[in-house]
Amino acid sequence: MPEVVPFPPTQHAKQPQTLIETRSLSYGATGQTLIRDVSIKVQHGKRTVLIGANGAGKSLLLRLLHGLLPPQAGEILWRGKPLDRAARDAQAMVFQKPVLLRRSVAANLRFALSVRGVSGRECRRRVDEALELARLGHLAHRPARVLSGGEQQRLSIARALTLNPDLLLLDEPTASLDPAATLMIEEQINYANARGVSIVMVTHDAGQARRMADQIAFLHNGQLVETGPADAVLNNPASPAAKAWLSGRLYTDTITPPPGTGL
Amino acid sequence: MPEVVPFPPTQHAKQPQTLIETRSLSYGATGQTLIRDVSIKVQHGKRTVLIGANGAGKSLLLRLLHGLLPPQAGEILWRGKPLDRAARDAQAMVFQKPVLLRRSVAANLRFALSVRGVSGRECRRRVDEALELARLGHLAHRPARVLSGGEQQRLSIARALTLNPDLLLLDEPTASLDPAATLMIEEQINYANARGVSIVMVTHDAGQARRMADQIAFLHNGQLVETGPADAVLNNPASPAAKAWLSGRLYTDTITPPPGTGL
Amino acid sequence: QDKFIILQSTTSTENSGLFDHILPAFQDKTGIQVRVVAVGTGQAINNAANGDGDVLFVHAKSAEEKFVAEGHGVQRFDVMYNDFVIIGPENDPAGIRGSTDAVEALTRIAKTEAPFASRGDDSGTHKVEMALWSATGVDATAASGKWYRETGSGMGATLNTGIAMGAYVLTDRATWINFGNKGNHVIAVEGDARMFNQYGITLVNPAKHPHVKADLGQQFVDWVISAEGQATIADYKINGQQLFYPNANASN
Amino acid sequence: MSGFGTVLWDAFGLIIRADKDLLEIIFLSLRVTLTAVIIACLIGLPIGAALGTFRFPGRVAVLVVLNALMGLPPVVVGLVAYLWLSASGPLGVLGLLYTPTAMIIAQVMLVTPIIAALSRQVIEDLNTEYAEQMESLGVGIRQRIMALIWDARYSLLTVALAGFGRAMAEVGAVIIVGGNINHVTRVMTTTIALETSKGNLQLALALGIILLVLALGINAAVMGVRATAVRSAYA
Amino acid sequence: MSGFGTVLWDAFGLIIRADKDLLEIIFLSLRVTLTAVIIACLIGLPIGAALGTFRFPGRVAVLVVLNALMGLPPVVVGLVAYLWLSASGPLGVLGLLYTPTAMIIAQVMLVTPIIAALSRQVIEDLNTEYAEQMESLGVGIRQRIMALIWDARYSLLTVALAGFGRAMAEVGAVIIVGGNINHVTRVMTTTIALETSKGNLQLALALGIILLVLALGINAAVMGVRATAVRSAYA
């Protein structure tokens, strides 16, 4: 698959370096610790890709960053301050399973925009624009819940993009997309990134990680075992877990991360 | 990614060639024709891979083959006879979105087995075996609906496999799996196939299609535009739609399939 | 039409059909609509004491006199009477049919332990029944739940229940004549002077409840005890039987 | 009485010869019940939706009380409404006792907890699916409640119909505050109770069947509207 | 009467001095209501689940009738049960009239449609999610109904509690077939109606409050059991 065309460098050089960071973050449910002692920094304007095996805790970490789950220990800082309601309004998340309202495709977009106070002609314009970008124009009036899996995924990405967030959290956004749609969504993510939107994205596709990542964070068993620039981690993984993942091997040991892996 | 190890040829050479076929199958909903005039033959013991863009109708076609949707026109023949309840019992389907009961992981497997009349010690044995194969043993007692996306997918595949069907219908089974799990599931599918289970599988991953397909069927806009042996279709696609898909380009024309593409 | 009064009365009076007969005549004459709220005797008096009615029309003389004495009513007038009867199944298990002595009849019922359904609701009818029992010297309530059944309901419900279980019931004659579900029950005992049933009417006291429509209510009271009203009451018959006997003039 | 069959047969005869008085009673029944149910929905649905959507300390206690209020005895509701509306009660000056308005008030008191408790469950089931997405979008309290009610509207219809059934069948409360006054506050159920107490069981049954036919008509209309809406829409 | 506050205050006093007669009445109320609700669930839940799961011609008509039956007037139910159970009725030989069993029968008739109609909606909502997977597995009718009831059990609790509330508060039907006979078939609601007709509003209200406290207790117990079960389980 061809490399996507490069985009102009981000225009927000004056913004602080770290947009969101976690410090010794832990999360548990029903007596188990599912996220353990994760400290990660997401740079402003950068594309951070989260990888790791199924059940490693990637989706949980995204939810924690988005403020949907209360941390059990540790803290999350948004622009240096504790995460609050305003922080979440500056983020948008695409869930692993798209959640669409029992309404038409267009009404789903309208609803999200109306929540952010966009209405009237501006709302219509942005709905049309989002439908166009997601190539769902011909399905605008179809009930969202009868769309095909890939169409639902695209709608849910379009909904997040139309909110113009500062940080976009994407949980396997292209998992059920065809190759053309995958490329198209990657382009749109890059385009948003070029406009200054920071990206945190989960993927199981090593190729996509290569194409999209500025930074890589590798999760294993709820722990952060490796972080670093994309090239370094993908071409020269240090941790056995990342090595195994990249070569498609199973890795089951529970290990402690090598020292100094905070991004 | 390495090619999977080859398996011994199927042991059911005496079985009829065609396991299931459709003749001029059409399906529509809310006034639209979504599947149009599809005639396809699935060979016994073979692995048929369905590919095509999002919304092409792949999932609908699987549902039709499984007898979950009533065709609007045309017919479906299972071992030469009209599809009936018994035919569905000889099939198992893995849906694009896993549907898991609000019970524990193990209880989900137990339920499926009990439906097929498997109980007692035999049931426990097969539950354990399935958990082992899906590498979900440590999650046996966790509520199925809090599993991660990939774990849910694996559970739903394990559930289908444990039913020992004659035909396995798989809708993007590895879309949310990590590379190791993807390989593992592919191996298990191949292993089942080697035991005589016929496979129809949907994927958006050209690599997976290459690894897994004996036959390819390419859907575009609800129509079958190209079918044939995997090598031929993947290396030398005849239809513009398949060419576009393989190169990750968008293809939007509504075309009539070239004559004589019935498998 | 705004000219109306609220009349607090009892279910037995309403069920007898009397109001459907006399109220149109009154309304034709005065243009005043009478809105009847028919509830248990105790509830009717209670409602009136709360000021939720302009006129009280019940049959529990001592309670009515207490109502007036407490200042809730202006003055009570006798209106009419009828009588109570004891009805029972045709096969007459206690062998009391044709008796005119209610006390002896009840004594026999107690002795034979034939089922007897009592209203058990402190209504005017129930009070008369209790007076009769005390004259017999039998403590019927001690057998409550056995042959003596307290239904704790209105007259109609008690009749429905009593008839279905083949029990004797003390009821006022008007309700009985007008009752639609007699089954195989007939009047067993009648004509005892102790089974006399006096109705009275009282205007609710506007001094206590200023919003009471004293003027309209007084017109109704006056009409009911007038010669015309009394004649209308006497005129109410079912199958040729007169149900109520006006006696306003005699007592007032 | 020659058995149930005959009674039923007689009853059907009475339904056909519907007269003016009966129509008046039917009309008042419908007016009181439908008004009460609409008001109860306007109050109960948002309460149910809020309870189904938001967690707060003491929520379980509130749910227990709400569920228990589904067992509010009509007579008690009637008594409480009576004590408030009575001339000597706090709202006596309004002069509402023994009017259809009083009956509506009593029915609203009776039906609102039912609507709220049942819709709470329906909305909560939908909310488990929507919750994270709504949080993520930052949907405000009011907008979220409205969205959930709207998206669950077909399921909530059954809830509203349950409330309607309860209100339509109810007699204990309306007879106390309405007084069952002929031509003023007499409705179907109080008429049935009256005829039963007169021993006119046939007539009572006939009226009961008419009441059921009315309920059937309303239900059929609602389901018809629903089917039409669903056909052109967003399951 | 010096106002609502005083009445309520008096009422609380009466709750504390609960005597033997009152305990008998409370016990019978609980026995009749709980038995009726359990039977109604055993009948109504499978019917509701079947209607929520399977499509068949005429299904919408059945749903309309079922929803309308939620508005079955208690007096009518009482009358019908009375006509069946009365000595001259088809079931007269059983001698059930004016027994607690008759009251249970009447309440079952009243509550079963409510349970069936509400559970139909709950199950149907769950079934939209499960339907294809169940079809795919080839789950038989009975097993499918059982699985849906089981997986929807927490939502169905609210349905059962709605039925319980209705049965607990009901007076019109049980007074006709039970007869409100002291020491035999007298329950809380019929006692409240009796005291109301005597004009003893304080006592009636006090009993109403006791009834609500009972309902609260049952609801709290049910929600408590539920919370414990959920904590260790499979949401």
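Each chain gets a letter, A, B, C, D and E, in the order it is written, and its residues are counted from 1.
The criterion applied here is as follows: a residue touches a chain if its C-beta (ideal position, glycine included) is under 8 Å from a C-beta of that chain, and two chains touch if they have at least 3 such contacts.
Keep in mind the model is a prediction, meaning the values are calculated, not measured.
Asker: Which chains are in contact with both chain B and chain C?
Answerer: Chains in contact with chain B as well as chain C: E.
Asker: Counting one step for each move to a touching chain, how far apart are chain B and chain E?
Answerer: 1
Asker: Weigh C-E against A-D on C-beta contact pairs and write down the one with more.
Answerer: C-E
Asker: Mind checking the centre-to-centre distance between chain A and chain D? Centres are C-alpha means, answer in whole Å.
Answerer: The answer is 48 Å.
Asker: Calculate how many whole Å lie between the centre of chain C and the centre of chain D, each centre taken as the average of the chain's C-alpha atoms.
Answerer: About 35 Å separates the centre of chain C from that of chain D.
Asker: Once you find the CA centre of chain A and the CA centre of chain E, what distance in Å lies between them?
Answerer: 50
Asker: How many Å are there between the centre of chain D and the centre of chain E, using C-alpha atoms for each centre?
Answerer: Result: the chain centres lie 17 Å from each other.
Asker: Can you list the chain D residues in contact with two or more other chains?
Answerer: 1, 82, 88-89, 196, 201, 235
Asker: Specify, in ascending order, the residues of chain A that touch 2 or more different other chains.
Answerer: Residues 146 of chain A each touch two or more of the other chains.
Asker: Would you pick out the residues of chain C that each touch at least 2 other chains?
Answerer: If we look for residues of chain C contacting two or more partner chains, we find 39, 47, 50, 154, 157, 160, 183.
Asker: Return all touching chain pairs.
Answerer: A-B, A-D, B-E, C-D, C-E, D-E
Asker: Residues of chain C touching chain D in their complex?
Answerer: Result: residues 6, 11, 14-15, 20, 33, 35-39, 47, 50-52, 154-157, 159-160, 178-183, 209, 211 of chain C touch chain D.
Asker: So in the complex, the part of chain E that touches chain C is made up of which residues?
Answerer: Residues of chain E touching chain C: 1, 82, 86-88, 97-98, 175-176, 179-184, 186, 190-191, 193-194, 196-201.
Asker: Given the complex with chain E, which residues does chain C contribute to the contact?
Answerer: Touch residues, chain C against chain E: 39-47, 49-50, 120-123, 144-145, 149-154, 157, 160-161, 164-166, 183.
Asker: Which residues of chain A touch chain B in their complex?
Answerer: 1-2, 29-30, 52-55, 58-59, 96-97, 135, 139, 142, 146-151, 153-154, 172, 175-184, 204, 206, 244-251
Asker: Residue numbers of chain E touching chain D in their complex, please.
Answerer: Residues in contact with chain D: 1, 3-4, 7, 60, 63-65, 67-76, 79-80, 82-84, 88-90, 114, 117-118, 120-122, 125, 128, 155, 158-159, 161-162, 164-166, 168-169, 171-172, 176, 188-189, 192-193, 196, 201, 204-205, 208-209, 211-212, 215-216, 218-220, 223, 227, 235.
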